[in-house]
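Below: a set of structures, written as structure tokens.
In the two complexes below, subunit A is the common chain; its partner is subunit B in one and subunit C in the other.
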Partner chain A sequence: MPVKIGVPRALLYYNYFPLWNGFFRELGCDVVISGKTSKAILDKGVKMSVDEACLPVKLFFGHVVDLREKADYIFMPRMVSVERKSYICPKFLGLPDMVRYNIPDLPNIIDVTVNMSRNEKNLIKSFTEVGRLFTGNYLGIRKAFQKGLQEQERFERLNQLGFLPHESIEQMEKGLISQNYSPSHPGKLTIAVVGHGYNIYDAYISMNLINKLRDMSARVVTPDMLTNDIIQDRSDELPKKLFWSMGKQMIGSAFHYMRSQSIDGIIHVASFGCGPDSFTQELIERYLRRSRNMPFLNLTIDEHTGEAGVITRLEAFIDMIQWRRAAQ
Partner chain B sequence: MRGYLGVDVGSVSTNVVLIDEQERVLETLYIRTQGQPVKAIQKGLEFIRDKISTDVEIGGLGTTGSGRHLSSVILGADSVKNEITAHAVAASKLVPGVQTVLEIGGQDSKIIILRNGVVADFAMNTVCAAGTGSFLDQQAARLNLPIEEFGPTALKSTTPVRIAGRCSVFAESDMIHKQQMGHNLSDILAGLCEAMVRNYLNNVGKGKEILGPVIFQGGVAANVGIKRAFEKSLGLEVIIPEHFNVMGAVGAAVLAKEEVTKTGTTKFKGFKVADADFKAASFECSDCPNLCEVIEMSEAEKIIARWNDKCGKWSNAVAHRKKIS
Partner chain C sequence: MKVTFPHMGYMYICLKALFNYLDIEVVVPPMPSKRTLSLGTQHSPEFACLPLKINMGNFMEAYEKGADTIVMAGGVGPCRFGYYAQVQREILKDIGINMKMVVLEPPQKHISELLIKVRELTGSKSWFDVVRAIRFAFNKACAVDEVDRIVHKIRPREIETGAVDLVLAEAIKWIDEAQNKKQLDEVLKQAKNELASIEVDYSRRPIRIGIVGEIYVILEPFVNLNVEKHLGRMGVEVERSIYLSEWINDHLFMGLLKMKGNKSARELAPPYVNHFVGGHGQETIGSTVKYGKEKYDGVIQLMPFGCMPEIVAESILPTVSREIGIPTFSLILDEHSGDAGVITRLEAFVDLLARKKEINDETKDAEGAFICADI
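On to the complex of A and B.
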């Protein structure tokens, strides 16, 4: 029977799942994803995790608990850095330890370190280390790694066409590898939702933000639809280099979207207590006010957020855009 | 004659207004919700029914406020709008040329920036309700001072004390400390007003361009101490519109009128609603791990609406209703 690798449907799942999935499948493992976020999963996460963590980290705990009985291994890489001289949030760095010491009776945890800050070739070393748990065949591991990279590339191409990452993952599961046209979401307005993937694509903790916007006949674009080159270019406009990879993605995409004539407004989504987000929000708002009078809304989410408050703000935001248009 | 009703069901107060076809305000009512929105709505409707003459025909009804969905189910509303839009609409109708709207209600506070009669920006307080009407109510009760006297007492102050206004819990302990030091009541109250205004401008008003004319509305605008603190801090005259405490309801009525002009008919169920027997019940649906707390509203033993379920299975079961939250 093939080994079952559990992947929590949280945090970097929304960024790198196809890479991991392609790699493990090529090695002959089964990949099990935790269920979609529900009240039960979130409650378990909040109960098990440390109090100081942000909402998405607490949610990750819940997804790990959900996998407890379903998998032989839980894959939870220690993500230090995914590009040169730039880092991932320190909470991700300590994630495997936080999980190990707070949740009892877990299956084996694969917590390989991924650190590409000095050398981007370190990625293959990390994958080799994981592959060796299952096979001694180096060629096979290399092949699996290549397969993972291919899948990841396809995934990113679908995102750039306008699929949201979780939709791309779904499409790839169904067998759609790449297509040459973008998904059609006709809308009267286009709203850029700038926020971390694990916050905005999780329908439960984002209070179904994206679908609510679509119901209000808005087309939604997100940072994941932009290429790394655009993100890098735009974020270089800041006087200093940003060393948080995810903060850079927020700034770069917001700077890109605020210039675009086809965007009607920007919604920034941050989780309460997120250090980097508290800066990106402030920077985005300041630069936006300086350059252009574009509608901007900041939403902060945590486990106490009431849905009513989010709906009120969203409705008012959309009303404002429509009212402005009618006045022009 | 044809009139339009606006109903604003907030955390602290329930307001009902009647406007005429020229959008002039004919009747206003401000009552406390007291945790029973359904009763408050019915009481409000009864009041308007008794006030108006028989030749007034209700052409439409709009609801707003945190209880807008509940009230729309009970009354049958033509427009259901969020309170930010409703307040902005009312402000721009009643005070033409307004550029900034400061609004402090029972549990929330907001700022709306208008330019050329159109909303340009807005902000609302986050999870924290420090510095809103409920806190002032609570402090007045602690000092055994009727809330109506709060403002005039604060105005008597000559040297307001400095109170930490970041958090209402800390503000309270700071106030107690100042009172035990021997400061007089009016200085403490004036200090509290200034702390609240400081907190408002630093949180809700952060980064907003506040230009005159500035109007101040919502229940807290009745407090002249807060008005003076705003004027002192902004260096601008702050106007309090005549119907400051029912502006949301005025906006709802105006929006209802606009909606009815488009649709041609009203969904308002009529004044008989005031005497109908409404019952609200809730249950936890255990069909999936989300465990939604579904609310069920029935009128004369007949279920008229359900809401608060994520999947829509319960709300859709009540056929003609669309999912409302």
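On to the complex of A and C.
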């Protein structure tokens, strides 16, 4: 019977799942994803974690609890850095430790360290370390790693076409290899939703934000649809390089969309207690106010958010944009 | 050029000495107060951590006193402190305060990057003078820490409450006013004499508590609501996991001098925290383990609300407490902290520790004695 690897549907799932999936499948393992976020999952997470942790971390705890019975191993790499001289976030650095000492009766945890801050070749080393757990075949591990990279590349191409990451993952499961046209989402307005993937694509904690916008006949673009070059280029406008990869993505995409003529408004989604967001949001807001008249809405989400409040604010935001347009 | 800098405990003494030595005019911001805090919070991002807000207040108050240049430290993450200066510059720009900001960043490519920045400040002074000034400033840091250490020992044992704090305030003033190394040595000796002449009761066996956590809130008494003083007056002997001079040695001199540093604390952190998490997260856990082994009665973790590395530490601390057998208490500080609420909680914690100590003392020799009362 193949080994079952559990992957929590939270945090970096929305960024790197195809890479992990491709790798483990090629090694002959089964990949089990935790269920979609629900009240039960969130409640379990909130109960297990400290109060001060941010919402995504609490949610991650909930997803790990959900996997407890379902998998032989839980995969939660210690993601220190995914590019040179840049970190993800201190909480990601300590995540496996936080999980291990707060959730009882866990299956084996695969907490290999991924640190590409000094040397980008460290990625294959980390994957080799994981592969060694299941096979001694070094060539096989290499092949699986290549397979994972291929899947990841295809995933990113789909994202850049205009699929949202969770849609891309779905499409890839269905067997879509590639296409050369964007998925169509008719709409009168285009709204840029700037926020971390694990906040904006999770339908439960984002209060179904993206679908609500689509229902209001708005097209949605997100940071994941931009290439790394654009992000790098735009974020370099800051006097000092940001040392959080995801913060850089937020800044880069906001600066890009801020100047784009086809964007009608920007919604920034932050989770309560997110450290990097508190700074990037401040910078985005200040630059935005100085440079141009772009409508900007800042949504902070936490485990208590009532849906009605979010709907009201979204409607007000969309209405405002439409009036503004009519007045021009 | 009138230089100013943010406050962090007694660090102003060192920085003032440093700049004065180099003949740079310096404006020390007023000591942090309610006004500093409200000025700072008014313009800072809501979810930024507390030190950023106090720093903002310091800058604005220093600007009122005529400062035009800010000296600030940088960093390369992942803790938010490394980006403070950038955010603060944008805020100051928007509220119309035009101050030059000199950010001392750890050099990325070559040491010359840092030296050029230092040159901006020092002008035509020779490097020899700069080094001498730094050495003098560091001596002051060591002197302050030495006094602090003695005070921690005496405070729980003093017979007349408050006697130590009067001497401490005097001693700090003397150290601040010392003009050269010779004077500094003299006033330090005098301060020690004064402290030694305070009436104390050495037969008391005070409760011993280790203070761990984020450096800024440990060192800045305004932010931590004078927790050391309050604990001392409750009859607790306090030991800190980090002192100013050690921090300077670790971070600014890259551990050049051989003195107790954060390395020993970090080595004790695994298996609880197996990786550097930024800030002082790993040191917090390591120091807790250390205090546990040294049979302290308890540990208090101080952290600003939303501090990312300390959240990692906070969530692992209960496990450490259970396995090492040392009671811990996390005190989270933000701009709303009221004095009374914190003191009540500290008193409760200290009472529990005192009770546990009593039980342990009574049953020490009895058969089946338990080592750790579960709190």
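One rule holds for everything that comes next: the second predicted complex is superposed on the first by the 328 of 328 C-alpha atoms of A that agree within 3 Å, B and C clash if a C-alpha of one lies under 4 Å from a C-alpha of the other, contacts with A are read in each partner's own complex, and residues count from 1 in each chain.
Going forward, a contact is a pair of C-beta atoms (placed from the backbone, for glycine too) under 8 Å apart; a residue touches a chain by one contact, two chains touch by 3 or more.
Small disclaimer: the values here were computed from a predicted structure and weren't measured.
Trainee: When the two structures are superposed on subunit A, do subunit B and subunit C clash or fit side by side?
Mentor: Overlaying the two complexes on subunit A (C-alpha atoms) leaves subunit C and subunit B fitting together cleanly.
Trainee: So, A:295: does it touch subunit B (first), subunit C (second), both, or neither?
Mentor: first
Trainee: For the overlaid complexes, name the partner, subunit B or subunit C, with more touching residues on subunit A.
Mentor: C
Trainee: How many degrees, to the nearest 10, separate the directions from subunit A's C-alpha centre towards those of subunit B and subunit C?
Mentor: Between the subunit B and subunit C centres, as viewed from subunit A, the angle is 80 degrees.
Trainee: Look at A:138 in the shared chain and tell me whether it touches subunit B only, subunit C only, both, or neither; answer first, second, both or neither.
Mentor: neither
Trainee: Based on the superposed arrangement, let me know which partner A:94 touches: subunit B (first), subunit C (second), both, or neither?
Mentor: second
Trainee: Applying the touch criterion given at the start, work out whether A:278 contacts subunit B, subunit C, both or neither, answering first, second, both or neither.
Mentor: It touches subunit C, and subunit B stays clear.
Trainee: Using the touch definition from the top, say if A:319 reaches subunit B (first), subunit C (second), both or neither.
Mentor: Touch status of A:319: first partner only.
Trainee: In the superposition described above, what is the shortest C-alpha distance between subunit B and subunit C in Å? Please give a whole number.
Mentor: In the combined three-chain model, subunit B comes within 5 Å of subunit C at the C-alpha level.
Trainee: Quick check on the output: what are the common subunit A residues between the subunit B footprint and the subunit C footprint?
Mentor: 272, 286
Trainee: Under the definition above, what is the set of subunit A residues touching subunit B in their complex?
Mentor: 35, 38-41, 204, 208, 272, 285-286, 289, 293, 295-296, 300, 302, 304-305, 307-309, 311-313, 315-316, 319-320, 323-324, 327
Trainee: Hey, which residues of subunit B end up touching subunit A in the complex?
Mentor: That would be residues 66, 81-85, 116-122, 124, 126-127, 207, 288-292, 310, 325 of subunit B.
Trainee: Enumerate the contact residues on subunit A facing subunit C in the complex.
Mentor: 49-50, 52-53, 78, 80, 85-91, 93-94, 96-98, 101-102, 113, 238-240, 242-244, 270, 272-279, 281-283, 286-287, 290
Trainee: What residues on subunit C touch subunit A, complex-wise?
Mentor: Going through subunit C, the ones touching subunit A are 45-49, 74, 76-80, 82-83, 85-87, 89-91, 94, 103, 105, 108, 272-279, 281, 305-309, 311-316, 318-319, 332.
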